[in-house]
C-alpha cells in the first residue's frame, strides 16, 4: 500500500475534484490518494510573487503529511513551489510536477516544449529549468494566453493548446510536449492523437514517479537536501 | 496487465536468474516479465567494441517483442546498446538502463556519481552522458576495477563499491549514486544504508519507468525516433 | 538624493547596527539608508526551508518601500530570498546580495569562490548560481563551518575564512573571493590583504549597484519580471 | 608512402567509383587508397537503426586493414558508424567523416550548418554532435529531402542543396557549410561559389586529416579508446 | 575624490565632447573625468582588424594614467580593446564598456539584445561574449546598419535603433537592451520609453562601475591578470 | 606547390632555425616554407599585454604574404595573436597554432591538457579556449614554470614537461596532451613514448592543417571574418 498526499498549493478547492478523477484513473491499485488545498495563500500561481504567498502554508501541509503517515508527497503545481524546502524537511519522497514531467520527457524524445497558460509565467519557468539543468532540452515555452482561472473551459483550452502546440512542433522543433500547468486537465490525449507526438500531463508524471520512489524504498538525498537546523527559531 | 520483455544483450544466460529475482521483487503485481539473452554477440559489454557485437541480435530480439504481444521492452545493459535504434523501430515503449537511472536520480539530488566495473568503459559512459545531456550532472565515474564476469562475487563487489562510493561522495561531491552496470545486483541497499545517500539500481529504475510509460499509454516520440525507411535493404 | 530601504529578511535586529556601520562607510554622500528587519520569519537563513518562513514578510516590507517613497530596495541576504518576486511587484530597483556580488566579481577576475557559513547551505547556493547563469564561473563554495548566529565572533570568523580561502585559491583556482553571507562583516579587507586577491562583501556590492541603478534612472525589466495579476486573490 | 583503407559501410558498391574519383583528385601524391564496401549490412545509412546492420561488418573490414598493412582507416559515412569501436580495436589512425568535417570547419568560421539528405536522420546527427561536443557550434541541420539512393541525380541535388543552404546562411546564421552525407559528391565547389562561403565535403576532410595523422606518426589515444578485453568471448 | 581617465581608443577627437556631456550628467559629484583620444590608431573600431591598430596606443595611454595619478581607467569602446592587457599592467581599476554593460544588465533581466552599428562587427562581439561567459544570456545582436562615423545623425540613428530593437524584443525575446557602441549617444532614454524595457548605455555603465570599484577600494585580481614579465623586451 | 609564410610574432630570430628544422621534417614534399620574425614587438609572448606589442607588426607581415604570392599564412604562437584579424584581412588561409592543435586533438581523444610555460599565461589561454568553444574539452592547463626564453634548455624542459604531463593524465584525466607554446620543440615524441598517449606539437598541427586548406582550395569564411571597412583611416 502506498499513501500519497497531494498538496494543491492554492487557496481554493476548485481543482481538487478534477485532480482526484485523473489520479483515480492513473494510480496503482494499492495507492491511496489524499488531496488537500490551502486555507490561505494565492488562489492561483502564475509567477514568483504568487508562489511566495503559498509556500509557507504549502510546507506546513507537507510537514503534516509525515505525522499523518503518508509515504510520499506531491506538490501539485508546475512551478514546484516549496518543493526543494519540503525535500529538506521531510524524510519521505517529495515530488514536484515540473521535475517529474521533465524526467519522463527525457525518455521519450530529445527536446520538449512547454505549453503554459500566460506569458506572465514564462520567466519563472525558465528560472526553474535553468536551476534543474533542463533549460538546454527545452525547445520553447508557448502560452495559450488564458488565465489559470479560465482553464476549466476545456473546449477553448483544447483549441488554443492545439494551436500553440503546432507552432512548438513545426517552428521550435519540439518532439515531446509538456502541459505546463497542473490545471490543464483532460486534453493531453486528444492533442497527442492530433499531432502524433507524446503529451505529458505533469500531475500524472508526478503520481507515477512518486509511486516508483515509494516502491523502491528510496527518498531524496539528505546530502543534497539537508534537514533544517533545529537551533533556528522560525515564526509567522 | 503489463507484459515487459527484458532483452539481456549478452551471449550468456548467466545473469537471467538474478535479474528475474530482482524484477519479481520490484515489479507491480500485474506486470509479467519475459527475460531473453542473446544467442550470439558479446558475452559481456564494457565498451563500444563489445556493443557492436551485440547490437544486431539485440535489435532482433526487441523487434520480436512486438509480435510476441509485449507492451514494452527493456534493454538490460547500462551502456544502452541499440536503445535508440529500438526506439526508432518499435511502437511500444523501449527503455534503457542508463537513461532510466539518470531520470530517477534527477528527482533525488543534484549530482550523481556512477560506480562502474572497470576503467575501460568510462569513456563510453561519458559519451552517452554527453549525448543524453546529463554530463554536467555527473560528479564522477568511479570504477571498482572488477571485470563484469567477476561481479557475481558479491562480497568483494560490495567491499570495493563501498570504497569507491565514499570517494565519490567525499571528493567528487556526489549526492546520489548510480550503479553503472546491470550486473551489480544485491548491493544497493547495504551501500545506501552505510553511506546515507540514495543508491539507484539501473535495472530497477528501468522496470519502474517502463511500467509507468505503459500505464500512462505513451511511447517514445516518432518525431524524435522516426521509423526506419522500408525502402532500404538490410542483410546480415 | 537616493533613498534606499534595506530589508534584512530575518526575525531579529541583531545585524542592523553592523549593517548600518558598513553602509555609512560605503554609501554616497547623498544616499539615505533605512534598515528594517522582520517581525516574524526565520531568525537566520541557511537553506530553502528557512527562506520560506521569511519570504512573505520580506515581500511585504519591500512593498511598503514604495509607499514610503524609497528609490530602491536591497534585500540583505546572500540567498536572494524574495528578490525575483519583489522585482515583479515593485517599480523601483530591487537588488539582491548574491546577484550584486557576482556582477561586480565579473569585472575583477575569471573565477570566484564563495566563502559561506555551513555546508548545509551549499546546495541552495548552487541552485541560485545555476538559475542566474553564473555556475560555470564559480570555482568552489567553501564553508567556514560556523552557524550564522556564531558569526559575530570576528576573530574566529577571520581565522576560519582565511583558512578556507587559501584552499579556494590554491586548489580550486579562484581569483576573486565573495563572502557568501551578509553577516560576514569586517573581515574582507584583512583577507584581501593577506591573500592578495579581491574579496567582495556582498552587502557593499548591493549598495553600490543599487545606487547606480537609481542614478541612471533605470529599473528591472517589466518584460522579465511582469507585475503580478491583480485578479488573483492572495491571503495569509 | 601512406596506405589508407576506405571502408564504405553499406552493402552496395554503388558509391565506390565516385569516391575513388574524388580521392584521386585530393589525395597526396604518395597516398595509396583502397576502397571496400560491405558484403552485408544496410544498403544506406540514414539513422541509428541502419547503423546497427552495418557496424559489425564495418568493424571487421576495419580490423582486416591492420593485417593488410594499411597505415590508416577512413569509415566513409557521415554518421561515423563503428568509428569509436574501431579506434578502440585498431592501433592505426581511424577517422570518421563527421568528426573530420567539423574539425576542419572550426578553422574556417564560428557556426556551421549541415546539409543533410532527409529529416529522418537529423536526430541521429544531433546525438553525434552532442557526444563530440560540437552541438553548440551547429547553426542548423537542414535536409534536402532526398533519399540517399536518389543522390546520384546531381542536378536535382545541387538545386535542392543550394536552396536549403541559403536558408541556413540567412536564417540560421551559418558561416560555413558541411555536406552531411558522404554521397553528396561533386556539388561543394559550385555551392561555395554561388553563396560565397566555404563548403566542406566530409570525405575529403577525412582524407586530408587521416593523411596528417599518418604523417605526424600519431594515433588515437589508447587512454581514450582502450583496447577491448581479450577475455570476453564474442560471436556472430 | 575619484579621478577617472577615459581613453577613447580611436585616432579622432570627434566623440570627446559628447562623451564629456554624458559623463558630466551621470558622474558622482566628486568624480573628475579626463578624456583622451589616440594620436594614431584606427579612426573607428568595428572588428578585430581595427582593434589591432588601436591597442598599442591605447595601452600606452592607459599606462600613463597611473603616473598622472588617476584612480581608475575606462577604455571607451564596446569591443573592450586592450582591456585585459590594461588590467594586467595597471594597479588601478580598468573597466571596459561591454563588460560593464553586461554586468549591469544581469540585474535587470534574463536576456539582453545588443543593438550594434554594422553586421561586420557581430562576429567580434560574439567572440567577446563567449570569452566573458555571457554568450548564453545574449538573445541576439542586431545591427542598425550604419557606419560608426554616421552615428552623429541622431535622428536616423534613433529611428533605425527603434526598428531593430522591436525585432529584438518580439522575435528574439530580449528583456533588456544594450547599445553596442560607445558612440550611440543620446537615444537610450527615448527607446526605453517607447519600448518599455531598460536600455543600457555602455559608457554610463562603465562610469558607474568604475566609480564603485574605486569607492570600495578594490581592483582587478592580479591572480587573474598577472603583471607582465619585466624581463621581456618590447619595442615598437 | 604550396607556399606557406610562417610569421613568428616576436622581435627575435632566436626560434627561426628550430622551426625551420621541424617544418622541413613534417612538410609535404611540394610545400615551400618562408619564415619571418618581427622587427619590433615583444621578444616573447606570455600574456595579453605581450600580444598587444606584437600584433600590429604581425598583421603587417601577414598582409605582405599575399603580395609575396604565398598560398597560406601560419602565425607561429600558441596565443593566436592577430589570427582573427588576419583572417579578416586576407583572402588566403590563415591558421593559428592553438586552433590547429585543438582541431587535431579532437580526433585523438576526449579531453586534452595543455602543457604551458609559466602560470602567468594560463588566464589568456583560458580566454582563448572559451572564445573558440573548446574550454569544456580542456582537462587542465599545467605550467612547467620555465620562461619562454629558457625553453632552449631541452633537457630541463623535457624533465619538467614529463612531470606535469603525468599529473595531467593521472589527476586531470587528460587523454591527449598539447604542448602550449610554439617553442617547446623536440620533446613531443619522447613524452608520448614515456606516457603512452598522443602529444601534439602545435606548430606541426598548424603546418599540416594549413597545407590541407590550401589543397582543398578553401579559405576562412568571409561571412565569419569580413574584410575590414576601407573607409576607415588607420595610422601608426
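To keep things simple, chains are lettered A, B, C, D, E and F as they appear, and every chain counts its residues starting from 1.
Basically, a contact is a pair of C-beta atoms (placed from the backbone, for glycine too) under 8 Å apart; a residue touches a chain by one contact, two chains touch by 3 or more.
This one's a predicted model, so the numbers in the text were calculated from it and none came from an experiment.
Asks: Quick check on chain D against chain F: do more than half of the interface residue numbers occur in both copies, making it same, or fewer, making it different?
Replies: Mostly same residues: over half of the interface numbers shared.
Asks: Can you name the chain that lies farthest from chain F, using the mean of each chain's Cα atoms as its centre?
Replies: Following the centroid criterion, the farthest chain would be A.
Asks: What's the distance between the Cα centroids of chain A and chain C, rounded to whole Å?
Replies: Measuring from centre to centre gives 30 Å for this pair.
Asks: Using Cα averages as centroids, what's the distance between chain D and chain E in whole Å?
Replies: 44
Asks: Quick check: what residues of chain A touch more than one other chain, meaning two or more?
Replies: Each of 110, 123, 127, 133, 175, 224-225 in chain A touches at least two other chains.
Asks: Chain F touches which residues of chain E in the complex?
Replies: These residues of chain E touch chain F: 11, 40-44, 46-53, 55-57, 59, 82, 84-85, 88-89, 118-120, 123-124, 127-128, 130-131, 133, 147, 149, 224-226, 228-229, 231-236.
Asks: Considering the complex alone, what residue numbers of chain E touch chain C?
Replies: Touching chain C: residues 26, 28-30, 93, 95, 99-100, 102-104, 106-111, 132-133, 136-137, 169, 175-176, 192, 196-198, 200-201, 204-205, 208-209, 212-213, 215-216, 218-225 of chain E.
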